[in-house]
Structures are given as structure tokens and as C-alpha cells.
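Here the structure is laid out as C-alpha cells; the discussion comes afterwards.
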Amino acid sequence: MDTIKLYIRSMGMLLKSQFQYPASFFMQTLAQLVMEGGEMLALILVIDRFGHLGRWEPGDLFFFFGIMSVTFYLTECFGRGITGAFPSMVRMGQLDTLLIRPRGIVTQVLCSAIDPRRITCIAVGTTALVIGSRLSAVRWTFAKAFLMAEAVSFGFLLILGLFMIEAIFCIHSVKSVELVNAVTYGGRSACQYPATIYPRPLRVLFTAFAPFALVLQVPAGYILDKPLFDWPAWTAFLCPLSGAVLFGVIYMLFQRAMHFYRSTGS
Amino acid sequence: MSYIQVEHLRKSYVVRKKREKGSLLREKSRIDALSDLSFEIGKGELVGYIGPNGAGKSTTVKILSGILTPDSGNVLVGGRVPWGSRKEYVRHIGVVFGQRMQLWWDVPILDSFSLLRDIYRISETAYQKRLAELTDALQLEDILRTPLRLLSLGQRMRAELCGSLLHRPELLFLDEPTIGLDSISKLALREFLRWENRENGTTILLTTHDMEDIHALCSRVMVLGHGQKLFDGDFSALLSRYDTVRTVLVRFEEETELPGIPSVSVSREGESLKLVYSPKELPTAELLERLRQTGTIREMTIQPQNIDHMIADMYEEMAL
Amino acid sequence: MKSYLTVFRLRLRMELQYRGAMLGGIICQMVFGLILIALYRALYASRPQTMPVESVVTYVWLQQAFFRMLLASDPDLTDKIRTGAISYDLCRPVNLYGFYYFRSLALKMTGSLMRAVPMLLFAAVLPAGWRIGLPSSIPGLILGICALALGLLCVSAIENINMGFTMRTLDSRGVQAMLNLLMTLLCGNILPLTLFPDSWQKVITLLPYAQLLDAPIRLYTGVYALSDAVRVLGVQVFWTILLVFFGTWLWRHNQKRLILQGG
């Protein structure tokens, strides 16, 4: 509870400091809008040319795009400490100043950055969700709304976990950090579309290793009344938990990496 | 039992050498940052910790503050092992890195402080009392609501100190705290450290290259070189050992040629003569007598050797 | 010429020093290529188009291979602009535009060639349907390479214009991000320009961004017939000249403004 309070207070303070430069903030937020708008434009053009993708109708495609975009950018907004700021924290020695404070490292890293510019990306994603849900005539129920929230929350953990792999690479001062982008940004790009359209290796990658399909797309299929896989309906509520499992495993690896950091010294 | 006990501390780093032509693997070599370092510090002591760059000072501080785990050796600080349970341990220490700010850049320092209060879980009453005390001692009242980035370097350093002392640490590490500060700020900072040490009994370990800091603050000093302790004791005793050369500036009433005196080097500096001599070989009284015989002295000053020169001599002698 | 070779060599050495990062980047780029191709194959399976899927696959690989060309390439210059050190440079009586133009050209060429070679090798050994296609004809290949060279001249001019604009704004990150997006979208990196609505393509292919990679790729894959070549290269030359002129004017204008302000 105390940790959540600290996180919220830190976020408040970071927001305050971001708004010290309103003009720059405005420009960058606008740039983010154009960026995610460009991604959505690409989707619209694909739908314009191809109409549908197998059994997935335009509305479904908007919905898949939206759920990924909302989750991914929520993570980049509130988890910026992990998704963006960590490498420079290691390089500039800021990690040392976190180590001399009586709080968990992950907590402190998360408390040290926020990226409110992503708000426009999240807005684009929400728009896509609304369009998708209209076009596909989704009948919203309490269960579906709950599942949506569940998917987005565990998706947050999943994406945070994947970015933590990059953080671990950084601690071990491995240079090929860009490699991790293949699963983070690559995963985002690929899983804007339902994973079932991909050949087996990619499907396995995004189901078993970076389980975007389980965490976001199985629930999306349930909400659209078009199951992603031929699994019973209740699995939709269970699958997102895999995001927490992945986060847990990588969290432990991160702790081991911190142990390594403290014993090697950089 | 002493407050800080360090026994046979060892730490080495693996350094990757630059790859040589023709060989595929990069050679790795180990560098000993600390080799068998032992010392004790009592509660409430204010100790200076000096040595040339790369001597292992910051490695020691990193180990003592729980950031690094040593390869071997024992350390107890107030009965706790620094690299044991980190969160429990760091509650009792404060660290100020001279060139690394830990306060938030764009927000008023008061906001930073209240976030630190939450991080260290300081109770509101204790926080208010301590903040008032430190604000007063560090003269921060006027700048509490100013963002850090708008402050001068001296003000920033004072704010940093306040931030690292809010939770009343028993032990404070200072790494080059006066670097880049102007004279007034330096004096104020030293005054504050003396106050904190005296009033709150805080044990302070001061790492610095500024010998004036050590001279003004620490009675005890430890000298580190090549990861080993080379000297530990009274600073003035250390100085007297290297205080071998004095300088006399003398100005006569009229232009006078000085007769050659053995073991004294003479040079002209403006209207004065500059004489450098060693009191061991030529007692000061004797030199003065000779000068008086030469002519009428209008003005004269005797200067002890510059501390930095002495330290440089010392490092040289210790083959650092 | 010698100094450009030096830039080239220095860059090569620098890139080799960070070969770990480069390798990571190349592998990441390959995965992105595979994902995109998987997507377009699925889309084609559900509704085939007049343009064959193989042509889209080739398009994607060539885009991925030369992607580096599009990115702002000169960290020194961006740093100088950010810290304001550029104003010292601007006060010097040399042709700064020319210096940075050729520098960026050299950097882009080395940066993208070093990545393109392994990428294209990888793309060539993939199974059928995934691998990069052969050029439509030998003249098509030669014309494609010529067009790529012109694209390189053109993209350096665009980069100098971007830099010229960012020099005027205090905080350049927003503008930079927007220009980068415009670049990746209108170059065909996010979605091949050949898949844009046909009516849009008539306009987009005439824009400067389409001259960088889209035009060379279309010559290579034969979407542009050999008889179109003169027109295509003509448009490229036209834009390059225009953009260089505009850039030179912009930089000179910045220079004057700085001198008036007194640095």
C-alpha cells in the first residue's frame, strides 16, 4: 500500500516537472499522435485494400489493433523507468543512488520516470477499440468488461517483463540491446493482428515465449465472440495470467542480475 | 567495539583489454582495487580518506554503503553487514556523491525532500523537526520552493546534504563534496559538517582531493594507495613528516645582493627575494640572522609548504 | 575525395567497435522483415491482388535492408544543435552546408551498406515465397542502383533541411519525431507504397520521400517498366536539385540570422 502511495506521489512530481516545459511537451505529444495515427492509417489502408483477413472482419482488426496499442502505450507511459530510462540510469551511475535507498530497485526505477506524451497514442488505441467494437457489434457484458480490464492489466505486466530483459542485458553490459526490440517492438507490430494468421514459428513465439496472444488476443477473441483458438470460453479468463508468470520469472532474473551488478561493480 | 570494522577487505575487477591484432578473444585481466584493507572507525569520528585517483577510495565507499559486494573480508557497520540485507542497512546511512545529484532536477527542493520522506518512511513529526533543524543549519529557507535547476552549485550541494541527512543517518559518506564550490560555500559547508558531527554525533567519512577540507575538518586521516592503507593517524603528524621546505619572502630597504648561502635557493620575485630552504638543514633562526647581517629588512614573511605539494611529495615517496 | 574516404574509414572502424549493437540491430531488422512478410502473405492468402506477393516480399526486404539510410545519421551534428555549439560552426566562413551534406552522405552510405549486405544475404537464402526476388532484368537492376544513389543524394538533402529547421527551434525532439514519421510513412517503410490506394499512389510517388527507396525498389522489381526509367530518374534529379537549393538557402539564412543576433 505504502509502495503504491510512493509511486503515485512520484508520478505526481514527475508530471509537475514535465509541465515545466509546456511548449516542448505539446510538440512531443503531437508527434506521438502523428506516429500512432500513422500506424492506424496503415491499418485502415490495409483494410481498404484487402477488406478482411481470413475470418477476421475489419471491426475485429480494429479491435486487435486497439487492445495492443492501449496496453503497449499504457506500459510505456507508466512503466517508462523500465521501458525507456533504464539504460541511461545504468550508464550515468544513477542506479548507485537507488541502491543506497531503503526501497526495492524495481519500485524505485518505476518511480523515476513517466511518459505522459503517450496519452495521444493511448487515445488513438481507444478510438480503434471503439470503432472495432461498433463495427463488430460487440454486445458488452459485465464479464467482457472485466476481461478487458484483466487483459490490459496483465498485458502491462507482460510488456514490462519483456522490457526488463533489456534491463538485464544492460546490467550485464551486453551491447546487443537492440536484439530485445525484436520481441518488444516486434511483438507489438506483429500482434496488432491476430497471431493465428502467422506461420507456426511466429505463432509459437507470441504464444509461448512472449505470450501476447494469450494475454491480449484470447480475451479479445472472447469479447468479439470469435475465439482465437478452439479453446473453451473460460480459458479466456485464465490465459492473461501468463503475463504475470512471465513477469515473475523475469523479475527473479532481474534480481539475480542486480546481485551480479553488486558483486562486479561497474 | 568500534562502530566501523573493516578486516582484510579485498576487491578486484575484471577489465577487458583492447583486442590485439590477430587474436580472436579479448584478453581479460584482473585489477586489484583493494588488497587486504583493514581499519576501524569509532562512533562520532570525522575521518578524511585520501589517495590519488584509482587508489580504491570509491570502491571502499561503495562497499561500505552496500552498493558493492567485496570478494572477501569482513565489514561490520554498527553491527550490520553492508551487503547483507540492503534495504535494512541503507536506512542508517547517508551518501553524498559530489558530482551526482540525487534530488529531482525540475521540482522545488521541498518536494524532493517530501518524496525522500516517503522513501525512507520518516514519520511526519520527525520529518518536520529534522527539516526545520537542517533548513536552519544549511540556510535553506529562501530556496526551499525553488527548483533544483535554478540553484547555484553551492545551494545545490547544501540541498543535497539536507536530502541525505533527513533520515538521520548514523553514518555519512561524502565524496568530493566541495568540488567546484566557491570559497564562501566551501567554508559554510565545512562549518555545517562540523555542526552535524558535533550536534548529532554523526560519523563522517570524507573522501576528497581538497586538502584544505581535510585540514579544516579531520583530525584523523587515512591514506590509500594501490588498494592498501599507507597511513592512518593524525593529519598534522602526517604533514609534519612532509613539511620539509619553507619559503621566505624578504624585501630590503635598498637593493642588496645576497651572499650565497649553502642549501638555500634564491630567486627574485618583484622587489622581493624568494628563499626556499629546509629548516632541518638550516635552522630558521640562523637564516634570519644571516639576512639581518646582509641589510635592513623592510618586510618579511615565512610560509610553510603548500599542503598540496606535501601530499604530492608523499604520494611520490610512497611510489603511487 | 580523400577526406570522404577518411570519413568512410573512420565510420567503418566506429561501427565495428560497436559490432555487438550492429548485430543486434540487424537481427532485429530481420525479425521485423519476417513479421511483415508473414502479415502480407496472410493478407494475400485471403484476397490476392494484381501485384504479385513476391513483389511485396522483395519490397519489404529492400526496405529493411536500406532502412538505415532514412535515419538521422550524424550524432555529432544533432549533438551540436542540441547544445548550441552549432552557432560557432555557423560563424565560420566555410561552406558548412556542403561539409555536412557530404558527411551525411558518407555516413548514410557506410551505415546502410554494412547492414544491407548481411540482410540481403539472409533474405536470399530464405525458402521460396519468403526470399527476396531477383531483379526483373539486368537493366532494371542497374537502373535501380542508379536510382538508389540518387535516393541517397536526395535523403541527405532532406536531412540537411530537417537539421536546418531544428536549428531554429529550441527543443527539436518534437519536430524531429514528426519529420521522422513523415519519412517512414511516405517512404513505404510502415506499409509498402505499392499497397496504398492506387489513386493516392499517383500523388505520393511524386513526393520527395518516395524518391529515396520506393523509386529504386520499383525499378528493381519491374513495377516501373524500363520505359518509365527516364521519367523516374528525372523526378529524382528534379527533387534532389530543388532540395539542395532549398537547404542551402535555409542554412545561409540561419547563418545570417545568427550573425545578426551576434551568436
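We call the chains A, B and C, going by the order they appear; numbering starts again at 1 in every chain.
Criterion: a residue touches a chain if its C-beta (ideal position, glycine included) is under 8 Å from a C-beta of that chain, and two chains touch if they have at least 3 such contacts.
Every value quoted in this text rests on a predicted model; they were computed, and no experiment measured them.
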item	value
Minimum number of chain-to-chain contact steps, chain B to chain C	2
A-B or A-C, whichever has more C-beta pairs in contact	A-C
Of all other chains, the one whose Cα centre sits farthest from chain A	B
Chain B and chain C: spacing of chain centres that average the CA atoms, whole Å	53
Geometric centre distance via CA averages, chain B-chain A, whole Å	47
For chain A paired with chain C, centre-to-centre distance based on mean C-alpha positions, whole Å	29
Chain C contact footprint on chain A (complex, rising order)	21, 23-24, 26-28, 30-32, 34-35, 38-39, 41-42, 45-46, 48-54, 174-182, 185-186, 189-190, 193, 197-199, 202
Complex interface listing, chain C residues touching chain A	18, 20-21, 23-25, 27-28, 31-32, 34-36, 38-39, 42-43, 45-47, 49, 170-171, 173-175, 177-178, 181-182, 184-185, 190-191, 195-197
Chain A partner contacts - residues on chain B that touch it in the complex	11, 13-14, 33, 59, 62, 65-69, 83, 86-88, 90-91, 93, 95, 97, 100, 102, 104-107, 111-112, 115, 118-121, 147
Chain B-facing residues of chain A, complex	2, 5-6, 9-10, 13-14, 16-18, 20, 92-94, 96-97, 99-104, 108, 262-265
